[in-house]
Every structure is written in structure tokens, then in C-alpha cells.
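Which chain is which? They are A, B, C and D, in the order written, and residues in each are numbered from 1.
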Amino acid sequence: MSLETLQSFQWGIMAPEFIILAVAALLSLLDLFMPDKMDRKVFGYVGIAAIVAAIAALAGMIDHPVASILDDTFRLDAFSKVFKFILLGGSALVLLLAVSYEPKEGMEESRGEFYYLFLTALLGAMMMASSGDLITLFVGLELLSISSYILAGIKKRNIKSNESAMKYVINGGISTAITLFGMSYVYGLTGTTNLKGIAGQLASLGNPQYAYLLGLAFLMIFIGLAFKLAAAPFHMWAPDVYQGAPTPVTAFLSVVSKSAGFILITRVLLSIFGVTPSNGPGSIPILLHMQDYISFIAGATMIIGNVIALRQTNIKRLFAYSSIAHAGYILVAFASLSFVMFDAIWFYLLAYLFMNLGAFAVIQLVSEKEGSEEISQFAGLYKRSPWLAAAMGILILSLAGFPGTAGFIGKVNIFIGAFTGDNPHYVLASIMIATTVVSYFYYFGILTQIFFRPAAKETKFNIPTGILIVLTICVAATVILGILPNTALDFMHNHTNQFTDFLQ
Amino acid sequence: MSLSSVLSILVFSPLLGVTVLAFMKNTQEKAIKIVGLLATLPALLLALACYFHYQAGKDLGDFSVKANWINFVGDKKYFHVAYELGLNGLSLIMVVLTAIIATLAAVASMHIKKEWKGYFMLFLLLETGMLGVFTSLNLILFFIFFEVTLVPMFFLIGKWGYFEKEKAAFSFLIYNGLGSAILLIVIMVLFAKTGTSNIHDLQQIVNAAKSPLSGSVKMGLLIALLIAFGVKLPIFPLHSWMLRVHVQAPPSIVMIHSGILLKIGAFGLIRFAMGIFPEQFKDVAGVLAFLGVINLLYGAFLAFIQKDFKMVLAYSSISHMGIVLIGIGALNATGIQGAIFQVVSHGLISALLFFLVGVFYERTDTSLIENLGGLAKGMPLAAGFLLAGAMASLGLPGMSGFVSEFMAFLGLFKDMPVLAAVGTIGIIMTAAYLLRAVLGMTFGQAHREFAGTMDLKGAEFVPVLTLMFLIVLIGVYPSVLSSPLKTALETIMLGLGG
Amino acid sequence: MSSIPASAFLALALILFCIGLYGALSKRNTVIVLISIELMLNAVNINLVTFSKYGIKPSITGQIFALFAITVAAAEAAVGLAILIALYRNRKTVNIDEMDTMKH
Amino acid sequence: MMETAWIIPLFPLLSFLILLLFGRRLKEASAFVGILLTLASLVYSILVLFERFTAPTYKSEAAWLNIGDLHLTAGFEVNQLNALMLVIVSLVSCLVHTYSKGYMHGDERIPVFYAYLGLFTFAMQGLVLSPNLLQTYIFWELVGVGSFLLIGFYFYKEEAKAAAKKAFIMTRIGDVGLLIGMILLFWQTNSFEYDEIFKAVREGAISQGWITLTALLIFVGAVGKSGQFPLHTWLPDAMEGPTPVSALIHAATMVAAGVYLVAALFPLFAASKTALLTIAIIGAFTAIFAASIGLVQTDIKRVLAYSTVSQLGYMMLALGSAGYVAGVFHLMTHAFFKALLFLAAGSVIHAVHTQNIEEMGGLWKKLRLTGPLFLIGTLAISGVPLLSGFFSKDEILAAAWEGGHPILFLLAVIAAFFTAFYMFRLFFMVFTGEARSEMKHVHESPGVMTLPMIVLGVLAVISGYVNTPWFGTFLGDWLTKGNDSLGHSHVEGPGWIMIVATLVSLAGIFLAWLIYGKKSLSRDWLSGRGGALHTILYNKYYIDEFYQLTIVSLTKGMSYFLRFIDLFLVEGIVKGVAGFVQGLGKTGSKVQNGQVQTYGAMAFVGLAVLVVIFALTGGYLK
């Protein structure tokens, strides 16, 4: 690869990644050389600035035609663009939370890492979003995972934090191995790791025998990646890790990391199996055949998430299960493989980003103030801080999917997908709606605490700026997306052109 | 103010009150109550204006408003949800009813003891939801308003209710949540299959020669709709939630609940179930009528042995909703008009009765029949109105109850005389349980401790007299309802091919 | 010219993977669990290398992929051990079955 | 006049409204409002009656309720029957209004009382004027409410409360029959109009079966209102109301509404032999049945109540045996003398403050006016010649005989004997014999009370002569003019019937005199003979107890059964579902045991399961 070729690449399309990378590297160095007594909070702000810059850069290229560099290992298409917005936006908000995160004990000397590891994780996620090759994809995935392992355990002195990190590593390792094992078969059958190349090869794959092997590969990859979504059967790590990890990290895992997981799944499964004939040329793609497996997983995820959540008393654990359930909802959108699939997934992730981060902002505030993560700590919040209570109320209603909030529109999108097409997923949709009703129990349980129960003490809250900003943005976005969803939908419709360039 | 903006103002005017209240102190009780009351007036005035506009022979179409709102898919042809409000005879009546009862309930809310600010904010939000439900011209908009009524009710019951309020709130939430969930599925299937959620378009597309929905799917959807609205109405055996609500919620809220919210079920049945799936509806009408008779008798018999007057009224609501079902199940103009009349009439009557329950409870701190008794001595006026309300409720001619009951049965007798004859037992039972309860409360020896209880006073006369007046008006001169209904009814019958 | 068929390598890889999985899910000592995970990843590497030689369309990419896999695996192991040490400082144990302060 | 007959009911309605609004201020003065307004309506109705003698039937209607293409109308009609009834109602009502001025004197709820009276009078006149079944039904219910309110006027008395409830519910049972009947009739004839219905009947547009069915159902309504067996038990209890009310509602007007209904729908009934026969049988049976109970009652008002039931039975018998004129005739005369009797009884009670005839006696000298008036009434009801009751009862007996029911005729005759006996038993026990010691200061009632009694007394004597075999049958001719479907104006029965009737009543009187007047026969001559019989009669054949045992407890049982279902079945299912979900959650969180290796294992198991399914299903799920 000569210098000319290197220069011939239009590196510009990687600008956002470069920004994040540069800042991350810079911060790590600074952290080394800066005297310990200096406050590392500034890192957080720098990081946020970097993300904002990245967003600006990305917005600059919003209408950039599909392009790919480094022999198609990095591609910039509508899909990667719109989803990167979610990743970036999410990380920015998480960093805001992180800045105002003041745990009682555990992470005295590790403030620096705390900030720039978010950035590296984000970098990994972004790479996944726009990688066109199994290798880059895998590397991006690992970059995200490993950074999050450390983040989960960042409170070195805190047993729960350590434990959650440990559990995360072990489960993560297993999942990685499984995924890779599946990928290795795909490579074996095609001799290439480039997604487009693979697709091309498989399209002409004659022998049904291979298709059989591909099916196995599909299952392994899918289950392996289910780990990132915290979808059944690879969901069980989530509650423990979410509970043990520092609240901003939990928020990060439940939003950014999850989104990355969906990006990955869509990317890999769609480009590899979306066009591969199940047996012999001309037959319907494998993906359609495997639809039922996906539906099965989705259903199981929704049921497990919502039902077990009923018994939780720890708010972070509760939200872990709720986030499992939401992964299930999004999987429904994926399973239905309809023409609105991308829209549905994207919008739901966006909505989920805001409502969940907002909720975590409140959780972080309350649990830090009370030094406990029990739901009962929310009792009488309505008396202690009406606005905070109202905000939490809106966010939770949105999570429960009530109209007027983003959550409802997201669900509607998913339903449209589920019911269009030749074989409507009545069962899956019914499970989704039924479990949603189940979820009312615990969501409104929280509201009961906030609004009906008397407060233990009357002390008011002083809300840190970071959290205040996050809350305002999240609540505002939740409501706006709920009442005028086209602010977001149109943006997507206008700039994605139905994601037609996804496979080009 | 152009006519097309009337409905939007009508529906959202209560929110103005909400915003005002948001910036008031919870301690200014008087001011809050006044603002809350005033905020219900614009809707009332506009609703009446619409009514007279229509009675003056003008077209209700003037009011309909349509604006592009959501389009879920990039291309501009399908999957739009427009913001579209409009009225027909039926919804006009419901809107007027809602506005009236909401205002009166606001008056009744003067008895609320705590947290006035939050109470009235939710109360007004609830009103907006109800008004929206009746005016929205497309299913998704309808659903949104439908759910909007859910949340405020949850809080109003759960915070301002009586002893088992939280339990009641949750069973309200879960039952209705389930109902609306099923409703949502139906709506979504229709939306996904036809690409539109506009009621009128749906009627066209679904019943077109080559409809995108197979007959069996339509039947499935219809049954789902029946269940969804059956929870709301409620149809036996989906009723246990509303008993709790009736007993636990504050009377002013029960006025709204049994006065209007239950009626959304009937409204939905007529407007959507019957409107969108007329062919299939014909097949299930018989079943509905049968269920109606069951409701009627079941409620009546159970009301006969209740100790708490609220429970009597709760079961009597079930019983009276049975009459609505009977009318709908009769599937002829007479029956359906009877059903609609019953919806309105029961709305007024139950509002009146529950207001009086509130009055009694406020004075005596009990609603148990045997703890009361002889109230006619201490508070003759209230007792008299209670008796009058009971008479209206048991279908005394000259009051609204009779007209609706009569028409419903008249309709049912046409095709299913035997079933109807069985149903008439309900008429006797109604008299039996209502007299038992009301005479038990007001007649007989007066209790010593209620000797000095104060009779109706001041503002309390407003709801009582208004409601009584309307009840008698409809009973004596039913055309006030039937003439606006005319066209709407014809449309329905046209859809049914009858 | 080699006489060993590809299937043999694949079988070996599969066996190795299963052993790794078994170890990861059964051993008490966390260190061994981490090592077992390494085993699983190496099984993948064997697969990749095999395919890059005997695959349907042999290519060098597989070996590159393997290299990446090894590197990443190393990183993962490092992090894993680091966390384990942190944990050991606080808990004075490396037994994985004692890490159950959070459950249900 | 007739064109504006609709004004008549508005007078009492006006009085009702005025008293409702301003009663509290008017106090005692409200009596005058009532009296004057009812007087006005009386005058008006008399004018209408006179006009009707010459003019033809007048009818006018307007749309009331539109349902799709159905148009239900409301209006009024003045035909012979209406006009006559109108006068009867207005007259009695007016007199009772006047009477009450004295009777209710001192009660602070006089305004309420007169308001109720106004409401009732309005409803009754409306009922009489109705040109169609629907309207009839509407006022039919309203009179029921009026009666309910007045029975329960002394609301603080448990008995009044119970009686009111009973009256309302029992009549409602009948009303439902009427409702079903008229609705069925509607779907047969597509109209509630009497004319339309009769037309359909004449042209045979309705099958015989339908006619019979609907006729009987409508008759059920009449049974309820007119206290015919088996729905008679409410009427005696209704005596809990103030006595003037009993005179107005439970003697003269409302209870006669049942008879009126049958008369008004006579062409319908006439078209079905079965219906007529049923009516005749029920009527005859009720007549004797009630009379037999009346023999032994000791409450003055109850005796009169049972006699009312029995007399109504007579009227039904008359109509049932096609004696349209006879029925209406007796309805009129009975209205007068029974009202008279009740008012007189009221005056007695007013004087002695008890209703138990055992505690009365020797009042003849004290109540100089009431005594003779009561005697007139008694003679009239006993059918003593030359008084009104004599002629009407004779008509009925003749009709029964001509109608070809010898047995029913016999029953009627026996009933006549009973009537004469218990009425004079009443008379002798109240007015003759030695005065009770504790009744020193008994005095005659004021003029405002006696005046109405005198008017009624006169009528009780003369009103018979409008329709007699000797001086011509004006009433009959007029009633049946231009309507042959109502049968002959006068049934020319064999002459001996009149003799028999006379002898029977005289025999009854004589027996009563022997026992209670001359005391030559001991008081318990009867009860001594058949002790068991006496107790049975005294307890009204235990009908109430029977109903209590069957219907009431059945209803209760049903209710409790349904409550069981409500509590356990309905709630149970709900709890079951909730429990299932909870249990699912429990097990789920059990699996979440904090062991990271379990988590991994679970994931692996999941994968394995999918792979196995995949393998088993030959590659692809389909």
C-alpha cells in the first residue's frame, strides 16, 4: 500500500472518529503528567467539547454520498451516520452525568480514566457503526467492551464495583469467543472478512450443506452479540453489572453500549445473511428463515425482563431489567424485518436514549443524596422537589410507553413494522403489548412512591448543573419527540433516503 | 375566531387552567378552586355554542379541522397521522355532556380536602383527554386522548381516594391498561394494513370490495375491540375494577368516571366497532344483547344486597350499562338511539346521585345504608333530590331514564322478544334495589346524631338543579337529543345496511 | 500435499472450544476461568488459520484476523487479571463462586 | 272547550309546581292553592263533558319522539269514556282537596301533601286523556309514583315506608306486563295509537294468538294497579297513607285505572274469548276472595280496602263478561260511594284517633252528620234498592249471567252477600252499641270536611239513575254510541236477578244486624264455628307470608349466589393471573443467583437449545 493510495483516501469522512481518538489520547497523556491534586473534572468538559465537535463534523457530512476507505473496512453510509448521532449524543449526556458524579468512596485516584475511557468506548462504538469488515467490526466491539469492563470496575475500592466488572469480563469473554467462532465459519465459507465480499460470495453459494453451516454460524453470532444487547439468553449479567457499576457507567451501558449492540447486529446479520439464499440460488434469504429464532429471543427477552423486574427493590437493578425488556421491544422491530425496520430501531434507540438517561440522572441524584439505591428512597419526592418529581414522572410514563411521550411513538413505529408485510407478527406484538402492561406495575410502583407515599425527611435537593442540563434536555426531548415526532423522523427521512445505500 | 379553530380551543382550553395553576401556591385554596372551576367554563360555553349552531340547522362540518401531523414513513402517501378534530351528532352530544358534567364535578370538587393544586391540574388534564376522545377523527389521535384520561385518573384515585385508594388506582390502571393495549393492537393492525387511521377512510377501505383485511381478521379485530371497550363499559365479567373505583375514588371524580369515562366504551362500540366492521358486527349483535341482559340482571341482583350505597350505585351502573348493550345489540335505529339516550341519561343521573353521595358523606362521614336512615327529617331537600334521582334511574316516565330504557327495550323486542322479556325482570329489580337503598337512607326513624345536619346549601344547588333540569328536560322533550342524532343515526344504519 | 484433512483441524478447534467453555463455566478459580476463555479464543484462531489455508477460498485474511484476535485476547486477559487483583485486594479471594453479593 | 281539554291537567300540575317552589312560604295557605286549582280543572272538565254530549270525539296529537323513521306522538283525546272519567277524577280530587284542609290541619308538611295531591291529580287526568298506549303508560307510572309518595307521606313510620315500597314494586310488576304487552302490540301494529290498534284488530291484521297474548299481558298491568288477585296485597297496606289519600287514590281513581285501561282497550280484549274469560274469572275470584277477608278485619280502613278490592273484582267480572257499560257504570258509582265511605271513615278516625273498630261504638249520637252519610255509603255498596250501587251491581250480575258464566254469577252473588254483611258489621260496630268510656270528647268534624262528604252522599244516592232498566239507560246509550264493538248499552237480564240480588244483600244486612246490632248471636258465632277458617281469613290467606317465603327469598338467594360468583369466580380468575405472573417473576429471580458461571451456562444452554431446534428441524424452522 503506497503513500499515494494512502493519500488518495478521503480521510475526511473519519473526522469524527479522529477527533474522539485525538482527544482521548490527549487526555490520557495529560492524566499522566498532571499533578494528582489537580481536579480532573476538566477532562469531562474537554471530552464533552470533543463530542460536540465530532457531532458538528458528522453533521457537516450529513448529506455526504456513501463512501468507503481502506478497502471498504470503513464505510460512511446513511446508516452509520444517523446511528452515530445516537452514540455521540448519548455519550455526551453520560459525560455530563459523570462530571457531576461524586461517589462517597471508591474512585479517589481514578478520575482521569473515568473520563477518557468513555471516549475510547465511544470510539469503539463508532467504529462498529461504520465498519465494513469483520475485523474492524471485531476490534471496535472489543475496544468498546474492554473500556466498559474497566469503567464498570472503576471504583477500585468498592467490592460491588469490582464484582460487577469481574462478571462483566467473564461473560463478555465468553460471548466474544462465541461470536468469533461464528464469524470464523463465515470467513471459512467465503475466504474474506469484508462484509460486501462475504455477501457477494454467499449469494452464489450453491451447496445447501454450507447454508446449514451458515445457519449455525448465524446462531452463534447472534447469541454472542445478544450479550451486548443484554437480550435473553445472554442477559443475566446485566442486573448485577448495572447494580454494581457507577451510575454514569450504568447509564452508558444501558444506552450507548446497547445501541452499539443493535448497530452491530443490524450491520452484520443484514449484510451477511440478508441476501444469502437459504438453499440454492433464488431461494429466500437465510435471515428470513431465521426470523422465527429472532422472534423467539425477542419474546423471551421481553417476558423475562418485565416479569422479573416486578420483584426488584433496588432502583438500578430494576432499570437493568427494564432495559432488558426494552432490548426485547427493539428486537421485535428487528425480527419483523419490515421496510420500517431501520426507522423503528433508530427512533426507539433515540427515544430510549433520552428517557433512560433522564431517569438515570434522577436516580444518580437521589441515590447519591440518600446513599442508598432502594426504591423506597423515592418516597415523597413529590413533596421534596416537585419539579424533579414531575420530570421523573414524564420520563417513566415515556418508558411505560404512554402517549404524548417519545416512548409511545417508538412503540407505534415498532407495531407498524410488526403488522405490515405478508406474515404479520400478531403473537410477538401481543407479547410485547401484554408485557408492557405488566411493566405498568413496576413503573407506576415508582410513581406511587414518588407521589403517594409520605417523605421520610423533608430536605430539599440542590441539583448540580450537569444533572440539571441532562434532565432538561432529556425531558424536553422526550416530550417533543412524543408530540412532534417528525422533528426527528423527518431528519432521518430526508437524509437517509430509506437506507438504500446500506448494501452498496 | 374561525369556526375550524373552535374545537381545538374547546379541547385544549382546560390546559390553560393547568398552566395557570402550575404557577400558583398550593396554599391559596380558594383561588385554586376558583381557577379550576373557571377553566372548565370555556369548554362548556363552546360546546353549547356548537350544539345550538347545529340545532340552528347549520353544518357540523364547519368545525372540523385537519392538519398534517405525523408521517411515520418517508414517502408522503401512507402512514400519516393527521391532527384532525370534528363532530357528528353523536360526538357533539358526548362533548356537551362531558363539558357539563366536568363543570359540575368541578363544583363538587369544592369538597376536596388537600392538595388542591395537583388535584385541579389533573382534573383539567382529564377533561382535555375526554373532550379529545370524543372529537378526534382518527384512531391514533383517539387512542392518545384515551390514554391521556388514564394517567390523571390513576393519580386522582390513588391520591384523593378513600382507604383502599392505591389498590383501586392500580386495578383501574391495569384493567384499563389492558383494555387500551388491546385497542392499540387493533388500531395498529388497521393502520399497518390500510396505511391510514382516519376513521372515515378506514370505513371505506375496510368495507371495500377488495379489502386488505380478510373476513376472519376483521372478525378477530372486532372481537378485540369488543373486549377493549368491554373493559371500559364494563361488560361482565370485566367489571370488578370499576366497583373499586366507584367506592374508593372521591365522589367528584366518580361523577366524571361513571358519568363520562364509562361512556367512552359505549361510544367506541357505536363509533368504531359498529362503524368500521358493520358486517361482522351483525353476527355478534345477538351476543352483545345477551351480554347486555346478563349485565342488567347481574348488576341489579347484586345491587339488591349491598350495604354501602356507593356499591349499590356501582352495581346499578353495571346494570344500566347493560341497557346500553341491549340497545346496541338490538341493531336497529330504535335500539341504538335508546343506547345513546341511555349513555347520556345515565351520565346525568349517576352524576347527580354521586354528587348527593358526596354531600351526604361530607355531612355524615358514612355511606353505609344502615348507618344513615331518616335523613329526610334533617335534610329534606337533599333527600328529596336523592329520591328523584333514584326515580329517574329506575326509569320513571317524565325523566330521561325512561325514554332510553323504553327505546332500548322497544328495539330489542323487535327481533329478540324472549330475551327482552327476560330482561324486563331487570326493570322490576331496579325499582326494588333502588327503593330499598334510598328509602333505607332517607325514610324511617331519624338517627339522633344526624339531627342537626345541614341541608343542601349555596353552590351545592347548582349541580343538583342543573342535572335535575336536564334529566326532566330529556324525559319530557326527548327531541333535544334525538334531533341532533338524526343524521348520525342514519349514517350508522346506512353502514349496517338497514 | 499435507495428508491431514481440514476437518481434523476444525474438529480440534471445536473440541478446544468446548473444553474452554467447560472450564469457564465450571472452575472455581477465577484465574483458570480467564485462561479457559483464552482457550476458547485460541480455538477460534485455529479455525481462522485452518480456513485461510484449507478454506473454500484460501486467503491471508484469516491469519490477519487471527493476529487481531490474539492481540485483543491478550488485552482482555490483562484487563481481566487487573480487575481480579483489585477484587482480591478487597475480598481476599479469587474464588468465582464467592462473588455473589449481588443477586436476584 | 274540547279542543283545549289539554289544559285540564295543567291546573293540578301548576299547583304541584307552585307548592314545590313556594310551599315553604305558603304553609297552610297552600291548601287553598290546591283547592282552587283543582276546582278550576273540575269546572273545566264538567264543561268538556257537557260539550261532549253533543260533539263528536275530539283528538289531537303532535310528534313527541322521532326514532329514525318512527314517529311517536303525544296528544289528547276526548271520547265518552275519557270525558266521564275526567269528571269523576276531577270531582273526587277536588272534594278530597277540600276535605284534607280539615283533616291535615296542623301538619307542618301540608304544602308537601298538597303538592303530592296535585302531582297525582295531574297524572290521573293525563292518564285519562291519553290517546295512545305509550302516553297511557307514562301517566300510568306517574300515578303510581303519586300513590307511592302519598302512601309514604308519614315517611318516619316504618310501616308507611314498607307499604310505600311494596305498593310501588308490586304495581311495577304489573306495569312491566303492560310494557311488554304494548311493545309487542306495537311491533304487530307499528303504532301505539288506540285507533290504529283497534283498526288492526278489526281488520284481523293481528293473529288471534298475538291478540290473546298482548291482551293478557296488558291485563297483568291492570291487575297490578287495580289490586286484583294475585297482586292485591299492596292495596290494604296502602292504607298507611293519610285517609283522604285512601279515598282519592285507593278507592275512587287510581285503583280504578286498571278497570279503565281494560275498558279503554275493550275492542282488543273483546277480540279474544280467552282474554275475556281470564278477566272474568280473575275478577269474580278476586271479588269473593277479598270480600271473604273483609269479613273479619278489625281495622276500619282495611275493611274498606278489601271491599274496594272486591268491588274492583266486580268491575273486572263485568268487563270480562262483555258488560262494558256495566263495568264503567259500576266504576262511576263505586267511585262516589267508596270515596264517601273513606271520607266518612276518615272523619271517624279524625274524631276518635283510632282505626280499630273494636275500640269504637255508639258514635251515631256523637257524629250527627258522619253517621248518616256513612250509612248511605254502606247501603249503596250493599246494593240496597234505589241507591246507586244497586243499579250498577244489578247490571254486572245481569252481564255475568248473560255472559254465560253461571259459576261466576254464583260467586258474584255470594260476594254480594259478604259485602252487605261486612259493611253492616262495620257500621254496627262503629256507630251502634254502647259508647266507649274513653271517648267523651268526641266531636263532629268541621264543615270543610263534612261538605265534601255531603256532596258525595248525594251522588251516592242519585248517580245510579243515569242508567236504570226503568227510567232508561242514558249512560249506556251514550257510552256505546257510534261504537258497536263495545257491546249493547244495557244487558237485559232476566227479572229474577234483581230480586235475588236484593234478597241476598238484605240477608247479609240482617245477619250482620243479628250479630252486631241486636247481638242475639254471639260475636264469635262465626269464629267459633270455623276457628281455623277464621284465622286463615284474619291472616288474609297468608298470601303475604307466601310471597315472602317464595319470591322475596328467591331473589335474595339469587343475589347471594351471584355475589359468590362475583367474589370467587370473577375475582379468582384475576387473582390467578396476577399470581401466575408473580410466580414467574419469583422463579426468574431465583435463577438469577449471582453466580456468574450460571449466567454463562444459561447463555450456553440457550444457544444449545436453538442449535438443537435448528438441527432437528432440518436446518430451518418452517
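Following the convention adopted for this analysis, contacts are C-beta pairs under 8 Å (C-beta built on N, C-alpha and C of every residue); 3 or more make two chains touch, one makes a residue touch a chain.
Note that the structure is predicted; figures quoted are calculated from it, not measured.
J.: With chain centres defined as mean CA positions, report which chain is farthest from chain D.
T.: Taking each chain's C-alpha mean as its centre, the farthest from chain D is C.
J.: Which chain, with its centre taken as the mean C-alpha position, is closest to the global C-alpha centre?
T.: It is chain B that sits nearest the middle.
J.: Tell me which has more C-beta contacts between its two chains, A-B or A-C.
T.: A-C
J.: Cα centroid separation between chain A and chain B, in whole Å?
T.: For chain A versus chain B, the centre distance works out to 44 Å.
J.: As a quick test, compute the distance in whole Å between the mean CA positions of chain A and chain C.
T.: So the centroids are 26 Å from each other.
J.: Let me have the rounded angstrom distance from the C-alpha centre of chain C over to the C-alpha centre of chain D, please.
T.: 97
J.: Approximately how many whole Å separate the CA-defined centres of chain B and chain C?
T.: 65
J.: Can you list the chain A residues in contact with two or more other chains?
T.: 166-167, 170, 174, 178, 239-240, 311
J.: Of all residues in chain D, which are in touch with two or more distinct other chains?
T.: Each of 589, 592, 594, 596-597, 600, 604 in chain D touches at least two other chains.
J.: At which residue positions does chain C touch at least two other chains?
T.: Residues 21, 24, 33, 96, 99, 101-104 of chain C touch two or more partner chains.
J.: Name the touching chain pairs, would you?
T.: Touching chain pairs, listed by label, come out as A-B, A-C, A-D, B-D, C-D.
J.: Along chain C, where are the residues that touch chain A in the complex?
T.: 17, 20-21, 24, 30, 33-34, 37, 40-41, 43-44, 47-48, 50-52, 55-59, 61-62, 64-65, 68-69, 72, 75-76, 79-80, 82-84, 86-87, 89-91, 96, 99, 101-104
J.: Chain C touches which residues of chain A in the complex?
T.: Interface residues on chain A, with respect to chain C: 134-135, 138-139, 142, 145-146, 149-150, 153, 156-160, 162-167, 169-170, 172-174, 176-178, 180-181, 183-185, 187-193, 201, 239-240, 243-244, 311, 317.
J.: Contact residues on chain C for chain D in the complex?
T.: Chain C reaches chain D through residues 21, 24-26, 33, 96-97, 99-104.
J.: Quick check on the complex: what are the chain A residues that touch chain B?
T.: 339-340, 343, 397, 402-404, 408-409, 412-413, 415-416, 418-420, 424, 426, 429-430, 433-434, 436-437, 440-441, 444, 448, 451-452, 485-486, 489, 493-494, 496-498
J.: Please give the residue numbers of chain B that touch chain A in the complex, ascending.
T.: 69-74, 79, 140, 143-144, 147-148, 150-151, 154-155, 158-159, 166, 170, 173-174, 177-178, 181-182, 184-185, 188-189, 191-193
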